[in-house]
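Take a look at the structures listed below.
First subunit A sits with subunit B, and in the next complex the same chain sits with subunit C.
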Partner chain A sequence: MKMPRLLQAVLVVVGIYAGFILVFDYLLGQVIPSSLLSMYMFFVIAGVFMVYTYTEESARELVAPIKALVEDPGKKRLRNVVFIIVPLLVAGFTYQRMSPSFEAPVELRSIHPAPPATVKAYGKRFNLATLENPFRQYEKSDPDKFRALVREGGDIYIQNCQYCHGDKLDGRGPYAAGLNPTPLNFQDVGTIAQLQESFLFWRIATGGPGLPKEAAPWISSMPVWQDFLTEDEIWKVILFLYDYTGRRPRSWEHE
Partner chain B sequence: MTINSPRSNNRARRVWLAFLCLSLLLILFAIGLPGVDGGLAHAAEASTSDVADAPTYLPAPKLTAADYPTIKGVNSRIAVWLAAQLHLWFAAFVLAVPIFVFIIEAIGMATRDKRYDNMAYEFIKVSITAYSFTAILGGLLTFLLVLFYPHLFQYMSTIFKESMFYYALLFFLESATLYLYYYGWHWLQGEFRKWVHLSLGLLLNAVGTLLMFLANAWVTFMMSPAGVDPAGVFSGDAWAAIHNFLWNPINLHRVIANIAYGGSIVGAYAAFKFLSARKPEQRAHYDWMGYNANFIAISALLPLPFAGYYLTAEIYAYSQQMGITLMGGVFAWLFIIQAVLIGTLFLSANYYLWCGMGRSDGAVRYHKYIKYLAIVIVGAFLVWFTPHTLVLTNEELKALGGPYHKYLGPLGIMPAKNTAVNIMILFTTLSFIFYRRANKVATVSWASAGNAIQIALFTAGILNIFFLGIYHGYFTNTVYKVAASIPQVLTTLTIIVSSTIIDSLMYRGAKEVAPLHWGRVSDRSQYALFLLAVAFTWLMGLMGYIRSGIRQHWHVTNVFRDASPDAFTPGLGYAANVVSVGTILFMAMVIFVFWIADVSGRKTPTDAYWKTPSA
Partner chain C sequence: MRHLLAIAASLLITTNVWAKPGNVDNGKAVYEQRCVWCHGVDGDGESAATERLNPPPRDFSSAQYKIKTTGFDDIVPNDKDVYRMIAKGMPGTAMPGWDDLLNEQDMWDLVAYLKIFGGMEEEVPSQQVDYGTPIPSSPESIAKGRELFLDDERCSECHGEDGKGDASKGLKDDNGERTWPRNLTKPWTFRGSNDPKDIYSRISVGIPGTQMPSFADPTSKKKLSADERWHIANYVQSLAKATEVVRAKNTVIKADKLAGELPTTVDDPRWQQSEATTFFLVPQLIAKDRFFKPSNDTITVRALYSDSEISLLLEWDDRTHSIPGDEKAEKISDPDIAEDAVAIQLPIHIPEGMEKPYFGMGDAANTVNIWHWRSGSTEKSESLALLNGRGFGEIAQRDPAEIGVEATGQYQKGTWKVLMKRPLATTPIDKDIQFVEGAFIPIAFAAWDGSNSETGSRHTMTTWYWLLLKPATGNKPLITALLMALLIAGILFWWARGATGNKEGS
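Then we have the complex of A and B:
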């Protein structure tokens, strides 16, 4: 017997939903966020609807069981059951969504704060659009000097930064578990690889208190490093961050 | 009027040639207007010969909240915002319609198929009322700017005084050409007259585009000012101010987007007429019209993501601050809505094509492929809108050990998006190829070889797109990551162009196996056309807000500070609500435009009302 198309469609949707959970939560071991899953499922349902309704016959077959349920006098008992169960399910779902809980509200956080045009640090004003790492030039002109600078940057990192950002620069330092949001993972392709060195200088020099007012609260515990490190030390740490992760700072010129 | 005597033809020829020459002269004059191109030369001469006479300009004013006039009960920002947005929606529509009306008219002339001429006329008819709305809303916007932001208007008009003056003059030429083009449609028929009419269409488009480019210069100057010093003192070089960093990226983006948008609005008009048609021949006509409008919208939609990407890359290149505010900062979530709406456009366009295959019984051969197209398009769409910053509950945050998702995180950045959008575009092209083949069978001897070439082309292209996206996107530095989008686009365009050429050659003289029945299409497909128009409108509103909003608390970025009480970036929900209200207002006005176009064809019997003339 041919399976009714409505049942087929429902099974496809349920199958895809279960597939997302199975693949992400169990096979890959990284949960799929519920907010994203609901967005995904909305468009999966739209896609399934499109496939099942683009021909007249298929659309008719899809809605036939629903039409029969509403119109067929022989389905009175089933109709009454469905008409009681469906509103109860909707009510139960609504209640569940609306009832207060002890769960902290979901936070919508921007990963990259937008930098100001200029920034004040070390008693000077820096133009972030034109600011460049003064040591970057040695990468080509004097590789030995560059290596030495990177090593110095590594030492500064290990002495100051690894407690939070981790000795593998993956954001999993010894103190990371105590922080929310967790420290930045520099290995991630979406962090320093996306940014110019001037952005990193701004973030390190002015820390959490230097974050812009927009998109607040940032709840960042990043210290204001200009109080502890020199300007050159910050630039050396930046060299180290890119060198260790194998990333290149964002630039507009081919190398 | 249909009989043309040689004498009247000659006279008409002379009149029209004179008119065209005059119009072209006016355009050339406008392009070389003093203070713009010519101004450069004048400025150079002036600097050498008579520096003392050079005008001196004041810096951008430093305002306080008291400098902004208010009217009790009126929120000045929302008033300007809505007026500007409504003006832009209508302007986009009325600038786009003449572009494809011109093309359709030319197709009609080439094929001598009257249906194209009738359709082109009906399209331009719809845009006539919309043209009035554009002008009214433009006037309203100017009044509101003068009223609520007088210092800003004064500053802008000091810099752009020439272009504003010629803009106003060009508007006369635009109006005159449009009215001649529309009201002269049935008059200017036949050999030479038709060419005159087509030339008028060309002139109309040239003037319209020039008008838009001038207005774009003012808008982009506010984003990426040029020709002024850091204090906002104007150098006197108007061309530098016009030709600012973001002018051309916006010009390109708006021209393409306008065509897509115009196509979607006339598609909605055709759907409106189709759904209200009573006779089968009317349904057939409006089905055909809707199909053509959708074709125009989709043809322009396909290159649009690339133009958008170019614009955004240029914004990043101009200012890291603007770029990050745009896509990583406060506006990032509006970009997710944008991605969802663009995906919706692709889904509804494909659905319309699949439904349209029902017009021919021969389409059954291709039904088995539709589900695979749907899987790929929806799959690519999911990647396209996966956000970089995930919204996580505390439990999810704990389970992941931080806000970064090992597998979904990489989908949040541009290489994944670029790959996904190229795949979506290619599979939409496949939908179109299937649609075109629905009622035909190729009869050329090399048909199977042609199919094999097309399959090879698509396979190689898709592999190349994936390679470029994955290798350059994740394993090289940012400059190559951004640059890799260009070969990706070129791959997609190569596939589209070559497969279209191969398909046209293969299906030349093809056997028709089942005729196309225009009008035999479901009502559902017409709602897909409405969805297309609404999604476009909403999308333009949201993106327009972002484009303007990334200036944040500046009237003119880093030069002229906004000190009004509204100089804050509103919350995303608030902005989305304003844009949604604007969309509803615009849609209501568009329905009025459709209704008016419909009313003009209605006639009420009046025999009992009027006195019968005595014999």
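Then we have the complex of A and C:
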């Protein structure tokens, strides 16, 4: 038996809704703001409606069960039940929407803001397009020296960064849960693997207060590391971040 | 058949309890990739991290395992005890659970390798914890547990009457490191979970190397039977504060409106009707001096307001009442005891867009108000400072009386309660926040435990959250909802009548 098209459409919408909740709230552990969710669902419903009413015939098929319910005298009892439930649902929904929600305002911020062309740190200017990790060359030319540098970077990391970014570099350090925004997860393919080492240098050296406004610098807990670490120490930490996670920095050459 | 079952069961137990063959070479490789950073190359807990971690990373060469399920006088842990610490981590410490990054075999190989540091690779535990007949939790069992907990100060001697870990006597572990009795109302800090079976294990084995003794030891004066230990385990589990758990979704402190006068004391019963919101306190790790070893970990906030005033109740567990000048308080404190303290931070203007002042005491363009309460010493009573901040260290001291902000605190059985209140509006209006009904107002908190070397920039804090003065709703939503229902019902019946009517007509 073919599934009624109305049921199909409803199932698709409900399935996508459940998918959002599953992915955001459970898999990613980031509760999706309800206003954002309702915006997405608006587009989903509009899209599904368009697909299911693409031809006149399909539109007719879609509304057939509803039409039958209203017009078929044999379905009188069911109709009466539906005609009581629907106004009640509308009333409940209206009441909920009219009552103040007290839900925190949504704050959308850019997580990887576009870097400026040049950055001021350590009392000088760095050109981010040409800036390179001075230690990266040893990876090929002197592997022993490179291992030692990574090791030093690891010590600096564990002494300074693990509280938030975690021993596993997964952004779940012992104090991560008390911060908003939560610390970046370096194991994730969407973070350092997408960035050049110079970008990391900028983000580490100037910290939260060095972010552009679209990235909401006022809530970032990232310290201004040029106050605590030397340039070389930052470059060593960057070596460690890539080495531990097994990721490669993005570079201009390959693109 | 029964024989077969018995053999299968004993096999199961054997493999669970004793050695699972681990590959030491692979264990070493994994250790050197993942564990050296804190536990050190030699497994002695000496590393770059040691100085800044509390508790410090475990020294495997000491051959001492705190969380284990072998007999109380048996120093050797079960392999599965060590495995569990690796897989699930140690809650309340920097040790994470590794089961999402390492596979099972890697972790068993680590177990085999770790035992070598303590010279335990050949040793087999001689005894296991005797679980007797487990007693499931029930109100009767919990009541019995409470009696045993308090009887002769068996547990309350250190853990305190309410289990908040506040009855400290300045305990030290075998290495001379300071240790603190666990706050039993905070299960998320239990190193080995708050499942009654795990609590039972701790009570039975004790925590080796610390002052937590075994209550299964027949030579102990405070010895308990297996049944009694189950009752205490059930009681301890029941101590968890359900209302004061951090919920990531709760970021708004909702102030209810009261008619007439607001509470002026911390134990006014009206506070209990106000919704509590709890936030994590994290150490101040951002500006100089950074602070790494906090003692307070959460703060619970309630708020009420009237036509003219707002009142906030801040509540947090603090294991010590820090009173500078008091002999007893100074004895259990770190050197240089200071007052306990708490602070509320608010922007001086309610932000119109997304931009707020920098959460670390504001910034040059956006000033914050800070209401900083201190608990007092033997010489002086509690006090409140009013500060306007424009960044770390950019602080202007003002007179709190000028705008009528007041604070009063009370310490009882391991918990501080501090009430702060202020008129909704002040003059002049541009130096202080003007509280408005229905607006989301950024709010942040900081706390200091004066016995834990917390002064100045060394403290715990929260990020920005929200304060909302809940506006009265009125009956508009109800009336609109009823009208909508009538309208829809009308349309539906009109449609149905039209449709069926047409058919009859045709």
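Everything that follows uses one rule, which is that the second predicted complex is superposed on the first by the 149 of 255 C-alpha atoms of A that agree within 3 Å, B and C clash if a C-alpha of one lies under 4 Å from a C-alpha of the other, contacts with A are read in each partner's own complex, and residues count from 1 in each chain.
By definition in this document, a residue touches a chain if its C-beta (ideal position, glycine included) is under 8 Å from a C-beta of that chain, and two chains touch if they have at least 3 such contacts.
Just so we're clear, the structure is a prediction, and the values are computed from it rather than from any experiment.
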item: First (subunit B), second (subunit C), both or neither touched by A:91; value: second
item: Touching partner for A:60 - first (subunit B), second (subunit C), both, neither; value: neither
item: Touching partner for A:166 - first (subunit B), second (subunit C), both, neither; value: second
item: Subunit B versus subunit C as contact partner of A:71, first or second or both or neither; value: second
item: Which of subunit B and subunit C A:31 touches, first, second, both or neither; value: both
item: Partner chain(s) touched by A:188 [first = subunit B, second = subunit C, both, neither]; value: first
item: Touched partner set for A:120, first subunit B, second subunit C, both or neither; value: neither
item: Partner chain in contact with A:180 - subunit B first, subunit C second, else both or neither; value: both
item: Touching partner for A:227 - first (subunit B), second (subunit C), both, neither; value: second
item: Overlap of the subunit B and subunit C footprints on subunit A, listed as residue numbers; value: 31, 103-104, 107, 109, 172, 180
item: Footprint of subunit C on subunit A - complex, ascending; value: 31, 67, 70-71, 73, 79, 83-84, 86-88, 90-92, 94-95, 98-100, 102-105, 107, 109, 154-159, 162-164, 166-168, 170, 172-175, 177-180, 187, 208-209, 213, 216-219, 221, 223, 227-228
item: Contact footprint of subunit A on subunit C as seen in their complex; value: 34, 37-38, 47-49, 52, 93-96, 98, 100-101, 246, 248-249, 251-252, 254, 279-283, 285-288, 290, 292, 354-359, 363, 366, 438, 440, 462-464, 466, 468, 470-471, 473, 476-478, 480-482, 484-486, 488-489, 492-493, 495-496, 499-500, 503
item: Parts of subunit B lying in touch with subunit A, wherever the complex brings them together; value: 317, 319-322, 324-325, 328-330, 332-333, 340, 343, 347, 350-351, 354-355, 357-358, 367, 370-371, 374-375, 377-378, 381-382, 385-397, 399-410, 412-413, 474, 476-480, 483, 522, 524, 552, 558, 569
item: Residues of subunit A touching subunit B in the complex; value: 24, 28, 30-36, 39-40, 43-44, 46-47, 50-51, 53-56, 59, 103-104, 106-117, 128-129, 171-172, 176, 180-182, 185, 188-190, 193-194, 196, 198-199, 214-215, 247-255
